[in-house]
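The next part holds the structures, each set out as structure tokens.
Heads up, the next two complexes both have chain A, just with different partners, chain B and then chain C.
Our next item is the complex of A and B:
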């Protein structure tokens, strides 16, 4: 059992290592006009920008912007979604509105946000919130809508008020579904804030990536790409961990 | 009977909002001009043919890339899904490549292949590849072995095996992948046009913003919105059509 899982582990690491090796050799063999940096050079650029503190500062900016946007999404999206799930009239009134706004690509919104807020963090947060709030609204709405009618009958039998029902009955019952939306929303926040930095706010990892490319510093561009990927993987693992701790039963579902 | 008032009610909110904006908006506002100025701006862009060309350019990139990504993603997903040994070996590599946000490939690709004609198609197909590949991989892996054994027992032809077992099992996941991939393809196509100044709606949006031409920004944004809604609707119809036509294999 352990030996097979070891060989499986080994095989899983074999491919990335082989690919990197092949990359290194191919670039070294083609010793002419190289646009493509070798993995060694990328590693060196990664260490250099890390030591200078630039990479860490940029990553911190992106992470903070994503986190702030996520906070706004949670504060606005969950109540709005739950209200949409509770009141049918409100749902009907806003359904077309939401269907029209939701497919609007975040990138197309950046020029408008720049027009209103200039090249600033406000642009970044606005665009990120607009793009990442939909999963939360939809999952909170679906969470409330999917509740069994009997739950509300029980609450009515116990003579719970409307507010009390919402807080102690509907909210806990819809929690798992809302959590799925919250997780999706955070991954979106991270991606969209990087994109917003590329076009709308000259700061953070997205701007670092674009400015390295514009300066034709290939190894630094790849280093930033790598850093963004690592940030994504780490955030995904951390979120998965939190979700498993909060809801052990949901581990398979998400 | 209850349907008509509901539709009217759902129409009322956007219409009311636009009317209020129209009534209260300042025509010379640099950030929020009223809707009528958007229409005027769109009409001007339509008259010069600029808007049609931009829409065509963006749509061409999106459709071509989605086609490439659909074919390549389905093939790769099906092969990897049928060979658990290979998909185990590539799993961590895929996990990392998948978590690199697709829009960030744009600067790297500009560095490697320049900002020529192939840039858009390459980057957008790469971005659209993942959702399709991963969906198909999952679907191929979860084809029940009994289905394949039954096919062998009945000695049906290869053609019949493909048409009755593989296609019905995989096609819904291809469409589910497309529903994620196409909106992503639109985003990346717009970003390529913005960063590499390729012709298309993205470049028009950026240049309208640089000229502080707010009505044009709103007109272009609405155009992008209509494209998004249209694409969404088309994929939903395709999904419904296919799930009605396919034989039910008890998924």
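Our next item is the complex of A and C:
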């Protein structure tokens, strides 16, 4: 890594650090209003809940729930989307159904899920999958529909068999498009898991956030908010890393 | 068996269009000789690409016969490989140069033999040094070389090329023309080559077929009497070259009128 990229990375932190400093000073100067904790207090709450083990356990729950939901989205959404892109009959049969379901806000589904599954992880996963599967279905469908006719002619002239064509040409060619949906779906899974935990499943970071707020512990509320942000950043970074490692050609092409 | 690789007799091709069925090619009588370098020229809309697609097995004649090695075919025939103009769409960007070359043979052979075949194909087009790169890192000329190498890896008897150098700059084009003649000399492949560049057709072809009209027919044929070994500078100054070029341009313009 070059020294210029270090400087650039340093500059990224300039604004957040300055804002934190200003925040600290502002709260310290205004002693009357105690609702807003200082960054120092939030940091202390963060360390405390971390040492107690609560924060990590909650983060692990949220991450596991998001990951499990994402797994279901991948397993169902990709084949369904690819089938939709391939078979016109299926498209005509399902498109109205999909267009009716898709605009439903996931949060609106929580009461129904609670009725069926109670305040449980099933509610959380169901709601999360429902909210996060659409980008995958749509991008997988678009990935197949958008394939250039040329690549099938290439496959034909090279005498690749049907299976070889699907596995080595069509699927990887649609993959970059599917990947866009997969990443979108993953961020949604994290967000919706937290929302579902706040109202539908008393566990994880979402529930931790609500509990802290109900206990009027402002600094802990902020600490949980911070933890949710960090989890999102880390998860997206990890996903990007895995993609770059597994598919170096894709990164080169884009 | 006669010496023709392809033989077309009164072949006609119609394709669906916005205004109903349109006749693209009509009355095509054509014999493509073994190890011949045949160039197809003609204005746009005269059916050059359609003719190549028929030979390549992507499209069947509506009437008449088209035979490869004496047999009719409905899909790309064994031993016939098409190289497309748009190398960008034809290459697989997620595969390295080597893996792209492997595509057509990786299910048929493996291990050391696969490696050897890839190496041979890469050496023929001078891409050995770039074997671990991804296509996006290569120049246009290199990418087209890669597509040719991928075709050569199958050890084809016939290469069908649809304006393969059309998108390349003049220098690269000249270089690839010489390489292609050398490849043909060393592999003994038959080549059918579409171009709209008159100079390219005369320089490369043992025979040049001129397509004209709509529906397209074979308007005329020229056999430039040039030596086997060609050279970008001296060959193009030979009276035979200039004569063939003049002849072809005249007929091309005559056909357009």
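Quick note on the criterion: the second predicted complex is superposed on the first by the 212 of 254 C-alpha atoms of A that agree within 3 Å, B and C clash if a C-alpha of one lies under 4 Å from a C-alpha of the other, contacts with A are read in each partner's own complex, and residues count from 1 in each chain.
As a convention for this text, contacts are C-beta pairs under 8 Å (C-beta built on N, C-alpha and C of every residue); 3 or more make two chains touch, one makes a residue touch a chain.
These numbers come from a predicted model, not from an experiment.
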Q) Touching A:108 in the superposition: chain B (first), chain C (second), both, neither? A) first
(Q) Which partner chains sit in contact with A:79 here, chain B, chain C, both or neither? Use first/second/both/neither. (A) neither
Q.
Going by the contact rule set out at the top, does A:161 touch chain B (first), chain C (second), both, or neither?
A. second
Q. Per the overlay, which chain contacts more chain A residues, chain B or chain C?
A. B
Q: Please indicate which partner A:100 is in contact with in the superposed arrangement: first for chain B, second for chain C, both, or neither.
A: first
Q: Quick one: classify A:169 as touching chain B (first), chain C (second), both or neither.
A: second
Q) Touching A:216, do we find chain B (first), chain C (second), both, or neither? A) first
Q.
Output check: A:148 vs chain B and chain C. Expected answer is one of first, second, both, neither. What do you get?
A. second
Q) In their shared complex, at which residues does chain B touch chain A? A) 6, 9-14, 17, 30-32, 88-93, 95-97, 99-101, 103-108, 110-112, 183, 186-187, 190-191, 194-195, 201-202, 205-206, 208-209, 212, 214, 217-218, 220-221, 224-225, 228-229, 231-232
Q. Okay, in this complex, where on chain C does chain A touch?
A. 56-58, 75-76, 78, 80-82, 84, 86, 89-90, 92-96, 103-104, 107, 134-137, 150-151, 154
**Q.** chain A - residues contacting chain C, complex
**A.** 148, 150-151, 153-154, 156-161, 164, 168-169, 172-173, 175, 247-250, 252-253
Q) Contact residues on chain A for chain B in the complex? A) 8, 11-16, 19, 35-36, 89, 92-97, 99-101, 103-112, 114-116, 190-191, 194-195, 198-199, 206, 209-210, 212-213, 216, 218, 221-222, 225, 228-229, 232-233, 236
